[in-house]
Structures are given as structure tokens and as C-alpha cells.
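There are structures below to look over.
After this come two complexes, each holding chain A, first together with chain B and then together with chain C.
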Partner chain A sequence: MADVMPAIHIEGLSHVYGGTVPALKDISFDVPAGRFTVIVGPSGCGKTSLLMMLAGLRAQSEGTIHCLGRPIPEPDPLRVGVIFQEASLYPWLTALENIEFPLSLRGGALKDHSNRAEHRRRAEAMLELVGLTGFGARYPHELSGGMKQRVSIARGLVQDPPVLLMDEPFAALDEQTRMTMGHELLRIWSTTSKTVVFVTHSLTEAVYLADEVLVMSARPGRIIDRIQVDLPRPRNYEMMATDVFGRLRDRIWRQIRKADA
Partner chain B sequence: MKLVFARLALLALVLAAWELLPRHGIVNPLLLPPLSDVLAMLGELLQRAQVREALAVSGAEVLLAFIVAVPLGAALGVLIAENDYLGEVFKPMLFIVFAIPKSIFLPMFILVFGTGFQQKVAYAAFTTTFVVLMSAAAAVESVKQDYLLVARSYGATRLQLISRVYVPSMLPILLETLRISMIFNFTGVLIAEMYASRTGIGHMIASWGENFQMKQLFAGVVLLAAAAIVFNEAVRWLEARVGAWRT
Partner chain C sequence: MKPVTVRRLILVSLLIAWELVPRTGLLPELFLPSLSSTLAVLWKDGATYGHAVLVTLYEVALAMLIACGGGILAGATVGGLARVRKLLLPVFSSLYAVPIVILYPVFTAWFGVGSESKIAFAGIYAFFPVMLSTAAGIQTIDPQFLLAARSMGATLPQQIARVIIPASLPTVFAGLRLGGALAIIGVVVSEMLTAAAGIGYLVTLNRTILDSPRVFAAILLILLLSIAYYLASRAIEKRFVVWQSAGKPLQAVQQSAQSTV
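Our next item is the complex of A and B:
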């Protein structure tokens, strides 16, 4: 029974801003546990709003969101981790302290020494997972864009939430770093078996990462297409040159253009 | 290291000029007494009960005005930064009033508070509150929304948002505010004392000047400059320690 329950279940979700501006309209979809789902759509279509609602950071006007079988009326970091753009690391904390930050918010953590040692150990394990061993004492301004994003991913993973939401995490990176980070993300994902919902503007990134791509229309955002990406895993850069990759990318592009018109 | 050496050399040069130029009559020693004479006078002045009393009065005025102005200005600044409506209503007027030189209000303060202790504190607190208010508002607005969103997504409580995000994010600007507000506060007290007063170090400096007692005048200047510099550098040292991440 628990095995067939989707990690995320959304039904009849609509949202209206300030009582007048329709932002999302009648969105329904499921994300099975362990799947990598990418949402693409024109700017301002409400992708980020949708993600914020999934994270419990914003309330929807109508409809149901179930995350691991229960509604998510407020942030629940043990169920859902969110990874933001690179600028969201705290500049006054070191890389390691940034990763520890979510753990340190939990009650009594500061006083309990064994707890603190445990936090440190987990943060260090995360740092290793994202390939930054030895960089824990650096401050964000001493790290490159790609490294900052690795720290951000580590911070999102440190509480080991089964669901991971990513809001254009690589948008601020240059093209090369972006591809490397996408590849890294897949490597990390394959070792953690998380359910991922990933929002992006990049079609190449969408096809490269996803099991399934959801295409949203311009505002009010609706799901207008669901595209299964059947490329084998692990993915590699050579796949981008294949016909299958090109056709998938092309199909998404045509849907977005139609959606934007 | 070379730079530090050059800076020290410059300091030595200025001090040496101050000593030697009047000593050899190149500058009129009646207008600028040699440094060593000024320092000797400073030592002598610090022995005098009247001077010590004046220093105590001025010190108390500065301290009290600071204690009144900083929390008041900070509270008002946070209020207009946090509340959009109040911000929209008050900010334009505050910006305009901020531009007015505050010293033109001195006669009014004398009419209301007389020329004693209260008037010095009131006037200095008045000038300082504006500075603190503007900087505190800027400090709150400097906290990125993203920082708050991240903490909320990890389940931060209201209290944790303040202690773990607002405070560390604002700390360097708050210390800078403290430093700058002390400059305004100090200036406020001294101006008020020099303008109309019966005691206080500002008053003494003004009357030494009027009586052409240049050694005493410069001794007072050296003393106040030293006090201001010590406070400024102490806070700057703190700023550098807590604000290393600001680049």
C-alpha cells in the first residue's frame, strides 16, 4: 500500500493572487517516490509559486497538496527540503555552518554537546557527498558559484528529507558549470533515492535531468504537457547529441512556444 | 607592511612639524603653540578640579544622549522599515528633515530647556536619533528576503528568524550605525556647549579660544580628538571582526 502511494499528490490546485490575479489553474499531477520531475514553463507562469506551495511556504487558494500522504500547511523540513539559488547561503556562516544551519534550528541543539558533535559529523558527511571535503571553513564569498551551489545542495540534504524541491538552483551559473552541476546532482541523487521536483528555464537541463518533464502554460499556469524521458541512466553528455534527446527537447520547446502565445 | 611604515612616517612628520615650526618661529607660536607645550598643558589641565568637573559633565551628557537616542532611533527605524504603510508615510518627510542642519534648532532648544544639562542632552539626542533612525531602517532593509525564506523553509520560528537571520545579517551595519551616531552625538553636545553654557569641556574650549589661551585650547582639542578616535577605532575593530563576510 505504502509502496504505491505517490510522494507528491496534487489535485485541482488553483491560486489567485490578491483576490484578483489568477496565477495557477486547476493543476493535478502525481510524482511517484524516487522520481526526478522537472517543471518548465514561460517566465511568470507560476512555477516558483507552485514550488513554494509544495514546500508549505505559501498557501494555495484551492485544491489539495499531499506530500507523503499528508497535507503540508507549513514548512516541514523533515519531509521536504528546499534548495534555492546560490545567493541564499548565509554569508556570515562558513560552508560547514551553512550546512549545519537546518539542524541547529531544531530544539535544544545548541546546548547539547553530543548533539552538536553529531551535527558536525553529518554536515561533514554532506560536504564529502557534494565533493567539497576540506572547504568547510571557507565563507561563501571565498567559494566559486558552482561550489556555493554544492553547499546549498548539501544544506538541503542534511536533514535527509525524502522530498527535495529545487528552484532554478543553477540559474546563476555559467553554461559549463551548469552542465557539470547537473551531472553532479544526478550522481548525488542516484546515491540518495530522493523524490525531486526541479524547476528550470533550461530545456537541455530539463531533458538531461528528468524522468518526466511537466510543461506549464503562461499565466494562469496549467500543466499542458507531460513528457516522459526514457533515456537510460546514468546519463552522460554524449546523450545530448542523440536524436532522441533532440526530439524531446524540440517537443518541449514547441509546447512552451504554444503556451506563451 | 611598507604602507604601514609610510603612514607612521606621515604621522611623525605632522607631529614633528607641529613641534618644530612654532619652536623656530616659522609659525607664530601664539597661534599654534608647540606640541610639547600643548601636551604639558594637557597634563596640567587634567589636574585641575574645574576641568575634571567639566569633563565629567560633558561625558555624562554624551552618555545619556547616546542611551536615549540609540534605542529610540533604532526602534523607530525598525518600525518604518518593517511596516510598509508607516514607511511610505514617514520616509519622505524624514529624508527631507534629515537634510536640514540641526544646529539651526539650537535657539529653540535653549528656549525650551534653558542652557543647562537637559538642553545638551536633548539637543544631542535629537540630532543623533535621526542618524540612528535612517541607518537602522537601512539595516533592516539590507536583510535579503531570500535569507528569511531559507530559514522559514527549514522551520525557523519567529524568534529564530530574528536571532539567526536578522541580527547577524544586520550586525555590521548596526555597529557602523553606533560608530557614526556617536560622532553626531559627540558633536551635538560640544556644539550646544560652545553655543551657550556655563560648564562642560565644549564651553571651556570656546572660552579659551575667546581669551586667546591657545595652549589650553589645543590641549582640549587633543583630548577630545583622542577620545573620539579611541571610541571610533574600538568599534571599527569590532566591525572588522563581525563583518569579515561583507566584501
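Our next item is the complex of A and C:
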């Protein structure tokens, strides 16, 4: 893999919040293209900050972040898509309009009719991909939590960015919906071959989804362990009951407890 | 019985009571002239009342224009810029509690007893709720909405037009509705205090000569004006803020959609 450029390259990244509070310390890691990386860590360890920096939404104090070989000083939706918690869908737009939103930000959308039709077609294809065909005209408040998150994923994918960042996207969902959504995400991921960085609090979710789990320490956040998850794909629910799954989950848990102490 | 039916029945019985109570002599006509004699006066003096309504409407319209325009502009500035907010919001909030009607004599000295003093007074009276709710509407926008917009590559003008304005619309509308109602109150009250024209003026004029049917005719017109305003503002609000009427359809949709997630 050494001669292949990683999708994400982070070196010596540190961040000091508000000039005094150290938030992230000396973080270095690479994410090879097409890999599913999950970041876990205690609350307030800076996971979300790290993700925001990867998205170009926040500047780091020190160190370099390269995304597809170049720094990312400001958001670049054609390189990096971000999926937030469900609160970020716009309640005044229908599901389909929400998905079209990023496309409509790029010039000429209102004047050019063929452009608009193309946007609509792409948004509808995304809706189908996330299994919501027929729900395009619904407003977010008319959708369940899981459906809203499917729309968010569709919105993140609509511009086809090679890198997808997900900030606890399923945190607001109940346990059952969360499991279903995780499984769905893997199905979608397997058809799109994106590089994914996924932040979560759930250890089960981390092991179930990841190729690799990065464990972060409490503030100032550092990477204290990197755990390869060698479970075969496609993953299924039965794997959760296996010894391998349990041991991986246990190892992450022990690292986090150590980190939190 | 449905609430709507009950409401209509109450209205009808009030109108019947308005006719019967003075007719049967329960109350003298001086205190409460019957509905029919009130309507008869309206019919007979149609030209006088019509002119008065036009004067009042003109003043209300200009007062609303000042209050809404100024209130939205000032509210957006105060809500959008943290520094201005810290400086001015406490001042505006405390001014809101001052009974601004005490300024009215000053306004008549400045602007005379004609329409200008009514417009100025009612405009300022209605300005505060519009300004404060606009500021609140902008201030309380979910930060995730803006973060998501930035991650999708929205420029600042796009963030304002596509996120900030639609997101603050429901709160702004609530302020406009209240502001409009206060503009009506402000105009009528100031017409009652010092004036030579308008509906409020007719109330005061006829009260001093103890002509009760004419007083009630004017009161009835003000009532109708306020109701018309309320209905119109609701209709406009419904058109623009579809997504806010959340609630009832939600559960039905969720039930039908449960199998999907």
C-alpha cells in the first residue's frame, strides 16, 4: 500500500481551543481509499473537532491534513461530504429538496431547466439508493428518525464525494433503528466504494461497521489504539454473537476506560 | 359537538343577546344599543363611517410598514451581530415594557393632530415585538443548519438566503402578527385621544354626545377590522410556513412508514 496515496493523511495534528485549552494532541494517521474507519473515544475528547477539521469547517492549530493529496482549508463538497445528526435536515424543504440542496448551491440552478431536471434525477436516484422511493415529497417532520437519517445520507452522497465524514449520525435513533441503519449504511457503502470516517459512541456500532477502529483518549485527544476489524464482509447480525466480535468490543472498551481515567 | 360548532353557536347567541337585552329593557339603550339600531346607524351614516375606516386603514398600513420594515431590519442586525446584540438587546427589551402611549402627547406636538402623529406612535408601538422576535428568530437558528450549509459549500449570501431567512421565518411571522395587531391598537387609541378623523375619533366624538348606537357602530367596525387582519395574517403565514404546521399528520405518516425502517 505504500506507493498508493491515502485518501486522508493526517500528520502531527494538534489543536488548542480558545488559545489555552489543549483539545487534540499530536494526531497522525492515514486512511487508505475505500476504507471504513470508525473513531471512538470518551465524550469531549475532540472526535467531532477532528472531523470538522477534516471537513475544512474548522482550522487546526498545528499539523497537516491532506485529503486526496491536498490540504482542505475550507469546505470542499466535491471532495468531502459530511453527514450530521438528524437536526441538520432543513424542515422547510421536502426530502427531495433537501437532497437537491447541495446541487442547487452551484450556479445556474434556477435559470437552467435542463440543469434542474438533472438535479431532480440525481436526487431521485439517491432517494432510491437509500430505500425511500416515494417519500420525496414528504417534509422531515413527516418522516421517522431513521428515514430522516436516510435522507441525510442521500444528501451527503448526492455530489458523489470520494470521502464521507459522519458525525454520530445515528446517535438520536433508538437501538433497533440504529442497528438497521448501520446495516443499511454498509449496504450503501458497498455499492459506492467511499472512504468513510465515522464518529460514534457505540462500541457495537464501531466493531460492526469498521475496517479499523481508532480509539481516542480523553482531552487532549490522542490516538491511543488502532484496532483492525478482520470480520468478513458483508457483515451480518449473527457476527455480533461471535467470540471475535466480543473480544474486539471488549478491547475497545478497556482502552476507552483507561483513556477516561 | 365539534369545537367549531360550539364557537359558532356562542357567536350567534351573543348576537341574539345583543339584540334582545336592550329590547327587553334589561339594559337601557344608552348603555347597550341593540344590534339592529347599531346596524341602522351604520347603514344611514355609511359615508361618514366609510371615510373614517379609510383614514384608519391608511394610518394602520403606514404604521405597519414602519414597524415591520424597521423591526425586521433592526431585529436582523441585533440578532445577527453578537456585538450589537450585547450592546442593544437589553435596552430594547426594557423599552418594550415602557407604556409608549405616554409619548403620544409629544408626537402630537411634533407631528400635529393629523395622521402623521398616529402613524409615528403606532409605528413605534408595533416596532418592538417585530424587532424582538426577529432577533430571537435569527439567534435561535440551530447552528447545525449553518454548519451543514457550510459543509455543502454555501457562500455567505447563500447561507442568508437559503438557511437563515427560511429558518427564522416562523418566529418573524409570529412577531409580525403581534406587531400588526399592536399597530391597529396604536392607531385606534391615538385617534381616540387626539384626532379629527378615523374610527377611534368617531368613538370618542359620539361618546361625548352620548350617542350610543354610533359609538357601538364604530366599535363594531374596529372589531371587524381586527378579525379581518387576524384571518389575513394567518392565511399568509400558512402559505409561507407550511413545514411549521407539524403535528397531526405526523403520527399517521409514521405509522404507515414504520415498515420501511
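FYI, the second predicted complex is superposed on the first by the 258 of 261 C-alpha atoms of A that agree within 3 Å, B and C clash if a C-alpha of one lies under 4 Å from a C-alpha of the other, contacts with A are read in each partner's own complex, and residues count from 1 in each chain.
In the analysis below, a residue touches a chain if its C-beta (ideal position, glycine included) is under 8 Å from a C-beta of that chain, and two chains touch if they have at least 3 such contacts.
Just so you know, these numbers come straight off a predicted model, no measurement behind them.
Student: Mind checking chain B and chain C on superposed chain A, clash or fit?
Tutor: clash
Student: Does chain B (first) or chain C (second) touch A:T180, or do both, or does neither?
Tutor: second
Student: In the overlay, answer first, second, both or neither for which of chain B and chain C A:S144 touches.
Tutor: After superposition on chain A, A:S144 lies in contact with chain C alone.
Student: Looking at the overlay, what does A:F29 touch: chain B (first), chain C (second), both, or neither?
Tutor: So A:F29 meets neither chain B nor chain C here.
Student: With both complexes overlaid on chain A, does A:D76 touch chain B (first), chain C (second), both or neither?
Tutor: both
Student: Looking at the overlay, does A:Y90 come into contact with chain B only (first), chain C only (second), both, or neither?
Tutor: Both partners, chain B and chain C.
Student: Contacts for A:Y17 in the overlay, against chain B (first) and chain C (second): which applies, first, second, both or neither?
Tutor: Neither partner.
Student: Counting residues of chain A in contact, which comes out ahead: chain B or chain C?
Tutor: Touching more of chain A: C.
Student: Classify the contacts of A:F101 with the two partner chains as first (chain B alone), second (chain C alone), both, or neither.
Tutor: Both partners, chain B and chain C.
Student: Chain A residues touched by both chain B and chain C?
Tutor: 55, 57, 75-77, 81-82, 84-85, 87-88, 90-92, 101-102, 105-106, 139-141
Student: Give every residue of chain A touching chain B within the complex, in rising order.
Tutor: Answer in residue numbers: 55, 57, 75-77, 81-82, 84-85, 87-88, 90-92, 101-102, 104-106, 139-141, 159.
Student: Please give the residue numbers of chain A that touch chain C in the complex, ascending.
Tutor: 52, 55, 57, 75-78, 80-82, 84-85, 87-88, 90-93, 101-102, 105-106, 131-132, 135, 138-144, 146-147, 150, 155, 177, 180-181
Student: With touch defined as at the start, can you tell me which chain B residues reach chain A in the complex?
Tutor: Spelled out, the residues of chain B in touch with chain A are 144, 146-147, 149-157, 160, 164-165, 168-169, 171, 242, 244-247.
Student: Within the complex, which stretch of chain C touches chain A?
Tutor: 142, 144-145, 147-148, 150-155, 158, 162-163, 166-167, 169, 241-244, 246, 249-250, 253-254, 257-258, 260-261
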